[in-house]
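Following this message is one structure expressed as structure tokens.
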């Protein structure tokens, strides 16, 4: 886990496209990051020095290892909003990749990805990765209303995309967890990001079906405890937790969430967790 | 650029320069030391450690506020033995002195912890955190009262010959009397300030933002309070002072020295940039060179009044 | 949008909305009232006034700090009689209630001042500033101790039937016990907080920046401390609370209400924009309309814990 | 003295010229201000909302009543530095004129104006006013070194201009008060702005010659006390004090300086004072 001496890597903005009002997909030339990053990991914005006291943490929303680029999906309300003011050719310093990415089990063929508007940036890279790896992937997005639905050009063509809106103005009317039920038998694993209440709903679904779903069926021996990494890899539901700002060194303990086996640092043990690692009902 | 935080103690507590990381700014130092390479702080004070394992505060634990950071980490530590086992070797391998911050709610535990550190050659000194609750007084912070502060200091002093820094909490209305008591009880140095008790409201305004409700406020917002504390303490005692609170720039370092600090500590700003203490030391060196100052000790206390003042609380007519 | 700061007193102290100017934010109100026209605060608390003429603090008196304002105005006033002579007519001609802040270092003077106000029909209420020094205790602020706070409140209460607000100083470590004592002694409302004792260093670093050395810190930097105080006080007493400290936006107003304040006061932000309190009231009204809230009292205390907590100082293991 | 209801006046930037590195002369169309302002008065910058907690106070450094313009001399280290980022055509809101201007006695023909680099903005308007009024005026500027000397295009052609530099790199070598001695017999009145130590030096000079200089000779009757405004008008030395930020309403008392007859508010009783009104040795 050794992090490089503080300093990071220069990244150059090469493209910027509006996704929704106040939200843009920013593409950066950052070869070394692109080579090393995994879906679910994040970067720290070191320079230009952000206005807040702590460094903003920004999930990597996609990467192209060959082209040497990464993409960030930045919203004016999220950490790193200062990046929205930059122009093509501007340079920043990013430190990363930080944290642990999602663990996709080698045997998983069908990935279900669930998010709300705020969670998209944390799962989008997984779609790219899955498609590149020849897996089938379905994205379920839940938002309040049609105006918040993210455009499909944001996703790889190969990904299936279904939408739920609370007001029914587009796609399924209601919460996105309603849609999950249709896919849970199909999916070998599920990956999610979004509000705590979305994660709680998904956790309830997953827990009710504990051990009967997806790859979890394959890995478990009754009565045997698996090592943590294996348990995470074979977990049916993994989530990427939000993490706005912090040291990302593991020293401040400001990012801690409550885990079933004790406190967990989102920046080091996370931001991705198997759902069983978390005590969801006592989180923010 | 060297300064000594325990000039009267055999061996002293000599620092390469006057900028250290205050407790909590570098965890248990290991990851931090890996990250800073040669731009190192003059010393690192660890996060406060207790006798036995603890979970720390209920999340969420941190929130940015205008000009400050609000946090409640609590005591999340595996207990002193485990800390020394896990991190001691890294400390021993580093040139940067590591000072262990202790938190205990009884004189007995303070003594136990200090004796344990005495046996650890990789430990350069200890800091006693007087913001910790006093079991004998219903959980009020030790550092709120003169007598409790004195007893805690005596307990640590009696248990070890290591350099002893005592950290004051700004919650005490008159820091000068606490400072006098702990200096007399054997503190080699005094550090101040810890965070201000504070609170933020959650976005939905249905509860407090932090999981513990109350938290500590640190960062630039509290610098004028930290300077006030150092300015008062410096007039009350002659032991070295580590000035803490909102340090983030060379001007902040110079201000704290002028107010009477021998060294400065930073926590919040080090979280955003672990190399900052090392860079501030270089900037200070350059500044001194540019001002024909050979020893930063010449900068200490230049803003203090010629005659002792009455302190911030005894000002005659209301002044604030 | 009306609120009452003295609901149990005949006549009460009814305000058109919950945003007032805290002491010092509008001087003696005259120039301020001229400047704001119809965008008026719900009330103005005057700068603290004494029995006899005073010069105030030695200059310089004010300095901007990161996120906060550092100042020491002291008591610069012509004495209460002269204040009423000069400004009383303007107060009487205005719809905005004027509450006179009092500062005195003995119960006798407090009584004298309160009796004098009782005779002035243009005065809507009085605020007792507990940050003032207590002559009997060597100049320590009255509001540092429970008994002194209680005696001061009794002295004011006995002398007048006017609505009485008692203003707490954040220097007191446990505001809850002070709040309980002054509420029991007859305060109709409590306001908190006053400024934090603080200091800045002069540019040449040869002295403190302010002429008095120590000053008070106000503005956004202290908002989390003010919220913490209100959150604690609201759990200790049932009288209305005026939340003060760093209010500058609608979010600040909503946060203070959620923490338990019935009204909010602002000083620093009003100095930059006297129409701000009036505008915040309009914004609050629009916000309530947008959230189907008919009475801002529904917003009061929504963030308070269901069960009483132990207060910021008694938290069990060290939390900050 | 009634100040208008809060709100101020729109001013449009119509010209900007560099005076020294980091210092510019900004010309604004602001007809109502230009009509009412007097030399020595200042304005408050209301909008765009400045970053500091208090509103910056900016001396009016010149005005053209007929053309409807005012000029501000703004330094990147001084209050109102945010104005340096604006472009021609940008608009701001200014409140003013605030404070009292200099009182030039009707009988004064020869005006001596003394300043250092920081004081220029507070006295420059007086040069315009004096020249327009047909008076003779001499400006004495004292700075550390030639690089800080303000260019002569900043002044009306009719003004005489002499410079002192501490290092002797331009003009007289030494303090500007040395030059004052050459002019004091000529001058009917003297007006100054700058650091407290400059003002102290001038005060010492003036006090030593008390009552023997300029218009002060004319106005005084032995044993008679003059009303304050008359005393100010006929004072040989008037100074404009620095004032960076504050309410400017007279309510905060943060701008107070010590006066011989009690505290004085720079924003209301000042920023110009007759030297006898001030207790100089106890000021910052």
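Should a chain be cited, it is by its letter among A, B, C and D, assigned in written order, with residues numbered from 1 in that chain.
Going forward, contacts are C-beta pairs under 8 Å (C-beta built on N, C-alpha and C of every residue); 3 or more make two chains touch, one makes a residue touch a chain.
In this text the structure is predicted, and so the values were computed from the model without any measurement.
Q: How many angstrom between the C-alpha centroids of chain D and chain A?
A: 60
Q: Approximately how many whole Å separate the CA-defined centres of chain B and chain C?
A: That pair's centroid distance is 32 Å.
Q: What whole-Å value do you get for the distance between chain A and chain B if each is reduced to the mean of its CA atoms?
A: 37
Q: What is the distance in Å between the mean C-alpha positions of chain B and chain D?
A: 47
Q: Can you tell me which residues of chain A touch two or more of the remaining chains?
A: Touching at least two other chains: none.
Q: Return the residues of chain B touching two or more other chains; collapse runs of consecutive numbers into ranges.
A: 68, 71, 73, 220
Q: Is the way these chains touch best called a line, a ring, a star, complete, or other?
A: Basically the chains just string along in a line.
Q: By the document's touch rule, what are all the touching chain pairs in this structure?
A: Taking the chains two at a time, the touching pairs are A-B, B-C, C-D.
Q: Considering the complex alone, what residue numbers of chain D touch chain C?
A: 2-3, 5-6, 52-55, 245-247, 249-258, 262-263, 282-284
Q: Can you check the complex and tell me which residues of chain C touch chain B?
A: Touching chain B: residues 48, 50, 54, 57, 65-68, 70-75, 103, 105, 129, 131-133, 138-141, 144, 171-173, 194-202, 205-208, 212-217, 220-225, 227-228, 231, 246, 254-255, 258-259, 299, 302-303, 305, 309-310, 312-320 of chain C.
Q: In the complex of these two chains, what residues of chain C are touching chain D?
A: 24-28, 31-32, 34-37, 39, 47, 55-56, 58-62, 64, 68-69, 71, 73, 76, 211, 219-220, 268-269, 271-275
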